[in-house]
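Before we start, here is the structure in question, set down as structure tokens.
As written, the chains take the letters A, B, C and D, and residue 1 is the first residue of each chain.
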Amino acid sequence: MAWPLLLLITAPLLAGLGSLLARSRRAVEVLQSLLAGTLLIATALVVERVAARGRVSFGLFPEADALSAWFDVILGVVGAAGTLYAIGYLGEQLERGQVSLSRFRQFFGLFDLYLAAMLAALNVENVAIMWIAIEGATLSAALLIGFERSKAALEAGWKFVILSSVGIALALFGTILLYYSSAHVLGVTSETLRWSELYRAAQKLDPTSVKMAFVFVLIGYGTKAGVAPMHTWLPDAHAEAPTPVSAMLSANMLTVAVYAILRFKAVVDRTVGPEFTGHLMVGLGLLSIGVASVFLLVQRDYKRLFAYSSIEHIGIAFIGFGIGGAGVFGGIWHLLNHALAKSTAFFAAGLVLLRHEHKMLERVPGLLRQMPLAGSAILVAGLALAGMPPFGMFISEVLIATEAYAAAPVAVYAFLALLTLAFAALLYQVLRMALGEPVEAGRALGGRCLGFSAIAVLLNVAALVATGLWIPVQLGRLITSIVGIFGAAASLP
Amino acid sequence: MLHALLLVGVQTIVLLVVAPFVVGLIRKVKARLQCRRGAGVFQPYADLAKLFRKQPVVSTTTSWIFTATPYILFASTLAAGLLVPVFASKMPLNFAGNIIALVYLLALGTFFLILAGLDAGSAFGGMGSSREAIVASLTEPAMILSIFAIALTAGSTNLSTIVHKTALLEGIVTDPAPHLMALAALFIVALAETGRVPVDNPATHLELTMIHEAMVLEYSGRYLALVEWAAGIKLLVFLTLIANVFAPWGIATTHTPAAIGIGILVYLVKVSGLAVLIGTIESMFAKLRLFRVTDLLGVAFILALLALVFFYILRG
Amino acid sequence: MTTLLLALLGCYAAGIFLPLCLPGRPRIQNVIANGLAGAAGLLGVILSLMGLLSAQPLLLSVPSTLPFLTFAIQIDPLAAFFVLTISLAGLAVSIFALGYLVEYSGRRSMGALGALYNGFLLSMTLVVIADDGFFFLVVWELMSLVSYFLVVTEHEKAEVRYAGFFYLIMMHVGTAFIILTFLIFFQEAGSFSFEAFRHPEQPLPEGMRTFAFLLALIGFGTKAGIVPLHVWLPYAHPAAPSHISALMSGVMIKTAIYALIRVYFDFLGGQFPWWWGFVILVVGAVSALLGVLYALMEHDLKSLLAYHSVENIGIILLGIGAGMIFQAFGLKDFAALGLLAGLYHTINHAMFKALLFLGAGALLSVTHTRNMEEYGGLLRRMPWTGFFFLIGAVSIAALPPTNGFVSEWLVFQTLFLSFHLPALFLKLMLPIAAAMLALTGVLALACFAKAFGISFLAQPRSGHARHAEEVSPAMRIGMAALAGVCVVLGLAPMVVVPWLDRITEPLIGASIQGKVLALDGWALAPVNVEFSSLSTPALALMLAGLAALGLVLAWLFGGRITARYYKTWGCGLNLTPRMEYTAIGFVQPIKRVFSTLYRPTVKLETEFIEESRYFAKRRWFEFHIEPVFQRYLYDPVVAFFSTMADRLRFIQSGSLHLYLTYIFVTLVLLLLIAM
Amino acid sequence: MQQMPLQIGSQMVDLCAALLLLTCFAIVAQRRLTACVDLFALQSVFLAATAGLVAFLTGIHHIYVAAALIVVIKVIVIPRILKQVIERLNVSRELVMNVNIPTGLLICGILVILSCFITQPIIPIGFLLTRDSLTIALAIVLIGFFTMIARKKAVTQVIGFLVMENGLFLGATAAAYGMPLIVELGVFFDVLVGALIIGIYTHRLQDAFDSVDTSKLTVLKE
């Protein structure tokens, strides 16, 4: 029985359609709230089933194994929170007359389409259809980023469209190359594109072409994942997009892109062994952390700040996957916690933006005093992102370092040094915002906006704390089989 | 037990009685060297008696620290004195503390004296305290090193043990060089600690020069008496230290009355000799500027260090 | 015993959550938070005493669902000793806080303060009883984090935010080094459990051991505040509310000492070359001397106390370092003595430093300033606070017969025993270290003569001081408790030493209890009565008796004359507070003697009256000492990073074509690599 | 029709592929925007031809569908959209480039060699009929990419992107006998929508900055 899976993908589509057609703001709000609830429930059910049976299938499409389920959790929870937050955020803009009701409806239409595409990409057993879904998500994201038609938004949107289109094109070429090398093993059928088939046939594939395929995929999806040096669109897009979208970009799009790369990695590792992909990913990961920490240090715009921190954390996860073993554990654990923390951070940033209507970091100190919700949210998220216990990212970072130390001590020295630098940079900025005395009054926020945001933030923070120092049993099962996919079960206690 | 108490009692009395005499003797020597007749050697006793009988004047700004200090000073100095073998080498209180304890007991007195100096609230007291602080700080390292150098020769830091062994010529210094250096160092330290020329001048009352006198400026009556007495005892303790550690000969190594009697007499001779020496030095040298004192104590430190080095080198 | 432990943890946990649960009732929150903390402290004392005395260490382990992480707890004598330190301080400080926090209520969220306070104590306790490397790291970071939030309690002040941030960063850097240390152990152990660290499958290679030694020294040294990693300390400790400063300065930095002992003597099995010990010795001596020298120049009472923490950490390390040297040469008795001296000074410093900080807090709460120049004459207005502060001052100045003297004396003896060492170099170095210790001791004496004299004696120097009143009973009880502990630790070494011996024995492998205690416990005699002995009870009796003798003599010769009270002679003028010696003036000579270190800059401006150049109308005097380490060690690093970051801005130049080029080039390069 | 010898077939496929490549060079060398669009359309025609040929030779029928889609979308629809965009512009030719034309051509030549070098080892595993065209596909992708870097006008960047897409299709159809139909359809749909969205963006850029010179978009930076 895989109806929760189907529900997970169709619910956003329906809700989006409904919102487009809906006549009143209230109707949209109800629909979206329902969507949020549905996402949570469906996710829970999917996880439960996958944990029980290892794989939930609905024929060719949709189909989910442990890895998909894990990312479903990320998208489900953060998606739900994001939807709720979007209701509040857009609602506030609507009340202020910054968006018309029709634009309001369009927004949710696109927003849900985007969610649906993402979820589809996760829960499909097929290389190419995954690509199609991700491309779909990219396109809807492109429109969302340019949603506020300011010049800056336009520029950001354009850069996003061009760069990610190029990326996605390269990813497609990688996919074709993989197909090219698998076709003569498996024959020219649509089965050839199934992950499970590819895993089985992996040993027989031609190494060179698989390597090349991975390079294209790594660059292609890496562009969407925001890995340096393909990250350049990311800060602009995150800064200029409507804040709920920024949250979703950071928490979902990057994550899904990483998911895609992981799928390929699983195949490639079976063909040419883990060293090849490992070295590439560790290299890019370190580069990402380095670049990110540099720009965290000089940042003056709080939305860009969190954007760069996303680059850093994707880099960390990359290193984890590149290392393998407990690193894989650390990586997916990191992705989950990062998604939660980062979306929380953006929620807070959005509230600040609504109040002060500018993004200048040094002009919004004293948030704890001025906006208790946003202030505390930004503080908690900031600490979690800086890798402070009791939040999960401390755990995953230590895990990654531990696993890496045996293989490459030097890499660990670099890793820890860069992490410390990023820590200092990020917290310097975050604490500047959270502590101290407010300097500007700004305009007060509506109760509804605050209400919805509060729910969203609480949802995230609850999840963040819940996944801090322990793992719910179901998720634990998922992790075990995920690590199994990367053939590293042995190295885990 | 009773025996032990008796010994301690005798030593206490000896210290109390001899201290003013030494002070008087030094004054007399200085007077003579300055071609004055000078007051009698026993003048200090008269001064003390008189001070005790005078009505003390206590500043209204002061706290109980001011009135308590003389007693604490008196007690700590005397306690330090009880750790030094004076006329008999095996003292029952030997176990109570070694030479470090002696140093720190004196420091306890200094600490409260500094507080008392500040308590009156006049600029003089503060000035004296501040100067006392720096002098004390600079003295300490040299003191510890020289003491250690001595302790090495006897393989002990307990004064009675050191003196006893030296007196019985056990483990006696085969090589005088380090011993003499340590002696010189300790002598300089003693001058500094007890506020004698060239570090301080007990006879002066000039704002610019006085250290110890400035601290106790506000004291009068019995308080002043106790402070002066304590100062005398401190001086005596150092003289005793030098005398008995470096030349313990004649000290009573057994506790028979005869031996003790001889011990006391020899002791008197020794400290008188040292007193004369100090008197002469005081009239030969001028007082140093406060910030030249560092040089002097630096010399002391180096001497002590050399003593150490020589000791190890000669002992191999 | 397990139940006791659970009760203890439970108390802290409740102390964290309950205050948050009833907002809007500051008074109740305050009582609950500190009450529970106090109760936990009491339980902790009992628990730790049991831990010290019981033969079997208490083990408790909860597996986590995360790889490599186990919530494992072990209370062996070493851990118990530090639990004792934490709990004693925690108990007294909690009582003090009951009264102290009253002035904070309304201005601050009592709930948050209380919760953080309990969290702080809890994390410290967990740090010393953790038995798993990963778990240790987690609680260690938590400890830093919680204490950070306590430091920035008054975050509306810029300097407080700066202090807090500096602190947080330094701690994190330290943690990075600690992680590396543990990773080295992990390599051979294959797990993070301390048991595995102790007995790895194959022993660590020599190079790795040395590496671990240095990493641990830097990592934990940052927390301990050894020179030159101490720079955060004088900022952070004063910035926090005083009862927190008391815990940070008194207890928190000791957790680093605990960790160092744990790593060197336990994980590394006490097997090391002598130069390790020598490094520790040098670090200790330098920290001690520089700590006190900088303390002397401070006129902010809390900063002064903070610098003294650096000094005392130095003294502790002197003991431990000497012990390590002896250990390296197999002189186990002396090694044990050194370690024992270090531990003794650890608990002593915890007690009197906490006491002094509480005293400073009391002054702060009545005068609303930390500047000593605005105190004065407080002994008459706050007799109890003054008395307790005096006890603390005498103890930290190591004057007999206090506890500070006992432990410092033990350190001296350890250093003196150096003539047993085979190497001439060390034979000379240890006595020189002793000389530095002596200098440190007397400078500390001068410093506290200044601190107490300027703050409590003579006339009040400001309106605040003039209208000061004695603090609330709770605060006095808190201070009294610590003062009592100081006195007991000073007068009853015969009780303390056997406990400490239970700690050092398993670490060194030699019990020296019999050799240190002489005359059935009434005297300390390391290692034989012949060499040296000390009996603080006897000294105390002598002092008391002789002081009485003084009284008797005074009465004998003078009879009973009542003193006359009259104002101090001020050269004919009426004495005003402005004529008193200031703190700056007091340390002027010391400043001059050590000017090469301080590099003082003095600015004196005079405004004359119009008529003549001989009569000054107004004068300004200001002087600063150069923060050498910050200027030449830390500022360059910060400058480097910021300039580098500025230089690299061009990466994100905004040109789409450039961005496309990045991707293109990367693609081509990776393709060539893939070939 | 199976009796037609394979060599001839593969040679014909290679010929078409080569023509595709040539049009790439032409686009790189062309300054006039409309001409670029036309060249792109022409290239798409060749692409369709290749696809049809492959379908014919291998008898895999859904490739015909792909060919048809190419003709509809890439030869007719997209060029029309682009033409509309260009009409609204105030420029018809691109004078300034990041890389001048001779250098550009040179670089493209190097890229072709590079792709030969890269694809060399993996050619043998392909299907005899069409495997050589993989090299050309990669070359076209790289050249398209390079065009996007070299040109400043939004429109030409779009064309560069579309050229990349053509390369991909050549790779897909020729080298691997096309993806499964459903995939093809999806991909085509995405490409169409993508082109539309990019078109919309170009419009907005024109409205907002009244120029489509993307090198002027440098407000967002550090």
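Criterion: a contact is a pair of C-beta atoms (placed from the backbone, for glycine too) under 8 Å apart; a residue touches a chain by one contact, two chains touch by 3 or more.
These numbers come from a predicted model, not from an experiment.
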Which contact partners do subunit B and subunit C have in common? none
Maximum inter-chain contact count - chain pair: B-C
Averaging each chain's C-alpha atoms to get its centre, pick out the one most distant from subunit B. D
Based only on mean CA positions, could you tell me how far subunit A sits from subunit D in angstrom? 31
Whole-Å separation of chain centres (CA-atom averages), subunit A against subunit C: 44
Averaging only over C-alpha atoms, locate the centres of subunit A and subunit B and give their separation in whole Å. 79
Using mean C-alpha positions as chain centres, tell me how far subunit B is from subunit D in Å, no decimals. 102
Can you list the subunit D residues in contact with two or more other chains? 118, 121, 145, 148, 214, 217, 219-220, 222
Where subunit C touches two or more other chains simultaneously, the residues are 649, 651-652, 656, 660, 663, 667, 671, 675
Sort out which chains touch which and give me every pair. A-C, A-D, B-C, C-D
Note which residues of subunit A are touching subunit C in the complex, please. 158-159, 162-163, 166-167, 170, 208, 211-212, 214-216, 218-219, 223, 229-230, 232-233, 235, 276, 280, 291, 294-295, 297-298, 326, 329, 366, 368, 383, 388-390, 394-395, 398-399, 401-402, 405-406, 412-413, 416-417, 419-421, 423-424, 427-428, 431, 435-437, 469-471, 473, 476, 492-493
In the complex, the residues of subunit C that touch subunit A are 64-69, 134, 137-139, 141-142, 145, 152, 155-156, 158, 161, 164-165, 168-169, 172-173, 176, 179-180, 183, 186-187, 191, 641-642, 644-646, 648-649, 651-652, 656, 658-660, 662-663, 666-667, 670-671, 673-675
In their shared complex, subunit B is touched by residues of subunit C numbered 377, 379-380, 386, 394, 397-400, 405, 409, 412-413, 416, 419, 424, 427-428, 431-432, 434-436, 438-439, 441-443, 445-446, 448-450, 452-454, 456-459, 518-519, 522-523, 525, 529-535, 538-539, 542-547, 549-551, 553-554, 557-559, 561-570, 575, 577, 579-581, 585-590, 592-593
Report the residues of subunit D in contact with subunit C in the complex, numbered from low to high. 98, 114, 117-118, 121, 145-146, 148-149, 152, 214-215, 217-222
Per the touch rule above, subunit C residues touching subunit D in the complex are 649, 651-657, 660-661, 663-664, 667-668, 671-672, 675
